[in-house]
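The following pair of complexes shares a single chain, chain A, combined with chain B in the former and chain C in the latter.
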Partner chain A sequence: MNMQTNILVEARELTKIYGKTLAVNQMNLVIPRGKIIGLLGPNGNGKTTLIKMMAGLLTPTSGSILIHGYPPGVASKSRISYLPERTYLQHGTKVCDIIHFFEDFYEDFSTKKAREMLDALQVPLDARLKTLSKGTKEKVQLILVMSRDADLFILDEPIAGVDPAARDYILKTILSNYNPAASILLSTHLITDIENILDEVIFIQNGQVLAQMTVEQIREEHGQSVDAYFRRIFAC
Partner chain B sequence: MLKKLLKYDWILMWRIPAMINLFLVVITLLGIIFLLSPAWQMDDSDSMFFFLTKMLLTFFYIIFLIAGSITIMVYIAVRYYKNIYTDEGYLTNTLPADPWQIVLSKLLVSSVWILITGILVVLSILSLVAANLITMEYATLEDLFIAIPELFGLIADEIDLPGPIIILISIFSAILGSMLNVLIIFSSIALGQLFSKHRVAGAFLWYILQYVIIQFANNLLLNLPVVYYSEHLSYHDSEIITRALWSGQMLGSILLSGLLFFLTEILLRKNLNLE
Partner chain C sequence: MAWTLDSDKPLYTQLMEIIQMRIISGYYQSGERLPSVRELAAEASVNPNTMQKALVELERSGLIITQRTSGRIITEDKELIHQTRKQLAEGHIQYFLQHMEELGFSRKEILSHIQTFTEGDG
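Our next item is the complex of A and B:
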């Protein structure tokens, strides 16, 4: 496999400005295939903005972002499985209807996989979303996202706001459904919880990539855990 | 993909418009029953109570018709806004579908509901007028069945076009009108997204602005043929003027619809900025 096909995402001079706020500043970034990558950085430093540009939900002010060599569009959206930090499902909908929806729209969606995970969670298929707790709704959404056989999984704060047991479940779900040919981009500031599953980390500060390195590099070269290294470089 | 989008847009949308239309049917049926009942036929010249009751019932009937029509429009606007520009938009806009497919699907589903509501409102008014004519003994049901085709024939003679063509043009105009109404809403919401804050208020402002401009442009397009023909034709050539008016109105609606669809689509494709 050559380098070109190994690249899933490539951002060049990517910039996003909201009014007078510079959220992403001439960012250059490459996301390779086959890695679990942590997108780390303090709140308000451009993580979600970057992710939303990858998902095609935000239009860059300047620069470019390519997914599989294509700008965000139909082709990229059919290969990206995106979990936003909010619930995007209609509250009145039944779980089974949402499964049918994903089944219809995404060719790579595995209904069998989704049903198995929902069974394990004891979520009734005929339950309406509004009857489920916030945590369960988030898990349902994660199950839907992870039941796809996508090239790139983008998970924005998947473990924020859930209890430790739910965190374990979410991380287990991510790992057990991970296809080694794909990549997972995981945005969070709860580093300790996810550090063990990461291959690489991308540190974001002031809308720019501060560093991109493997977890091994951090441990070997700096003799620190990712969490400790994060605390050091982002010390106030 | 368009077929799938249509399916889900229909499933997610049908309940409220169906309830509103059912409500319109119910009040029409109640109206007919009441108009044909002995109570309505009672002489109210001596009774202020009966007179006021009739006035109030008529007033509420008109209010319900207007409210039903407005509620459908508001519901379409809210559904479109929520489904594309709020949390639900995180799903809608990450589906592997082209923006034109997303807009077209919602446009078709919304237009169908506006069309159904419009037809129901017209039928409701006609039914009540017919019921009133029968009650007042101005006409029998048989008379009405004879009079309606006659009236239709008179219109056909006036315009000098075959009846089936008039029916087709009327259906086409109604569909076009429904789509234009929906597109004014969609494009206003899309234009509202150009504001960095208060995007809903922005959409509302755009709606008013667009409505005024479109009315003005439509009137202009409608009157151009009249001005042109009035210089060359006499009053007796009314069928030519009527045809020119129809053509102008339809051409204007087609052009405006195309423009607003293009605007809505391009703003969704090139300027999506979900908060």
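Our next item is the complex of A and C:
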């Protein structure tokens, strides 16, 4: 694996078709190292499908997606830390068992880091997931995902449905764990809440990249927030 | 000095202004070590690269100095801080005068208004 390259992910003519539905349509995309990038777009435009192909959970119908220059596989999965939109963790599991699971599964997982953050949140390690509030559950899962030393963190809707205080906590956790050699790809439709932490935004529409630009570029050239710009370009 | 940011203007210039104010007001003391980029970014809830850009720009003005061993410190040049403060004050006065003149006040009227206002206030 070439660690010198600045390209983490490259999609070429990437396509995914479910039955008759074209979810991702000949998409071209590059994700560089060292950036926090927002993957933005209305629901049902292919964000999660794209993410699942990066994470190696879905196979492209045609075209290619390369992680560090290789198709998704065991090697790429060990370097990508992925927070899915819906949890795969069992509700009856205790927090400490999930920590063990991450320890066993990921070489780059830091138990110390995870425990420190869970302590600060005052989450008891013997608590079962189902006894925690929705906001705390989201926080716990984010802590686990951010406690890895990965090259690419993919967070699918990390702030959906949590209260503003939990959202602030999540954003601060992302920022304080951010490693400048890694990149974070964050999918959301709640742009206002997150635009200050982003370097770049990728707008997705109908399974294609509508635009990829820096946040400061949008503000300087258009004198608008990313949210206002987004509403303008997606207005029907 | 809270990190209050407008969403329709570039962030790094706003971050520069806030840090500059913090230096002038003495929140960050002359010669003091500045928190790391990561700490400042988390505090302001902004992207670390954006915070980095703001700090690099402030280095250009000399208010912040990078040291190889101990990160960034606030300048020990108190005259520079004083000058920056004066420049900012002049900017505020110019802005104020321009708006008052647009409202049709003469310089003389403006002065008398300020006097009445500050007396009534105190």
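The definition used in the following text is that the second predicted complex is superposed on the first by the 232 of 236 C-alpha atoms of A that agree within 3 Å, B and C clash if a C-alpha of one lies under 4 Å from a C-alpha of the other, contacts with A are read in each partner's own complex, and residues count from 1 in each chain.
Quick note on the criterion: contacts are C-beta pairs under 8 Å (C-beta built on N, C-alpha and C of every residue); 3 or more make two chains touch, one makes a residue touch a chain.
Quick caveat, the model's predicted, so the values are computed rather than measured.
> Would you sort A:113 into first (chain B), second (chain C), both or neither based on which partner it touches?
neither
> Can A:33 be said to touch chain B (first), chain C (second), both, or neither?
Neither partner.
> Of the partners chain B and chain C, which touch A:94 in the superposed model: first, second, both, neither?
neither
> Output check: A:227 vs chain B and chain C. Expected answer is one of first, second, both, neither. What do you get?
After superposition on chain A, A:227 lies in contact with chain C alone.
> Taking the superposition on A as described, I'd like to know which of chain B and chain C A:171 touches: first, second, both or neither.
Touch status of A:171: second partner only.
> Give one of first, second, both or neither to describe whether A:80 is in contact with chain B, with chain C, with both, or with none.
In the superposition, A:80 touches chain B alone.
> Which of the residues in chain A end up touching chain B in this complex?
Interface residues on chain A, with respect to chain B: 18-19, 52, 55-59, 73-75, 77-78, 80, 82, 84, 86-90, 97, 101, 104-106.
> Show me the residue ranges of chain A that touch chain C in the complex, using the header's touch definition.
So the residues of chain A touching chain C come out as 34-36, 168, 171-172, 175-176, 178, 180, 192, 195-199, 215-216, 219-220, 223-228.
> Under the touch definition given earlier, write down the residues of chain C that touch chain A in their complex.
Where chain C meets chain A, its residues are 5, 7-12, 38, 41-42, 44-50.
> Could you list, by residue number, the parts of chain B that touch chain A in their complex?
Within the complex, chain B contacts chain A at residues 1, 4, 7-8, 11-12, 87-91, 93-98, 196, 270-274.
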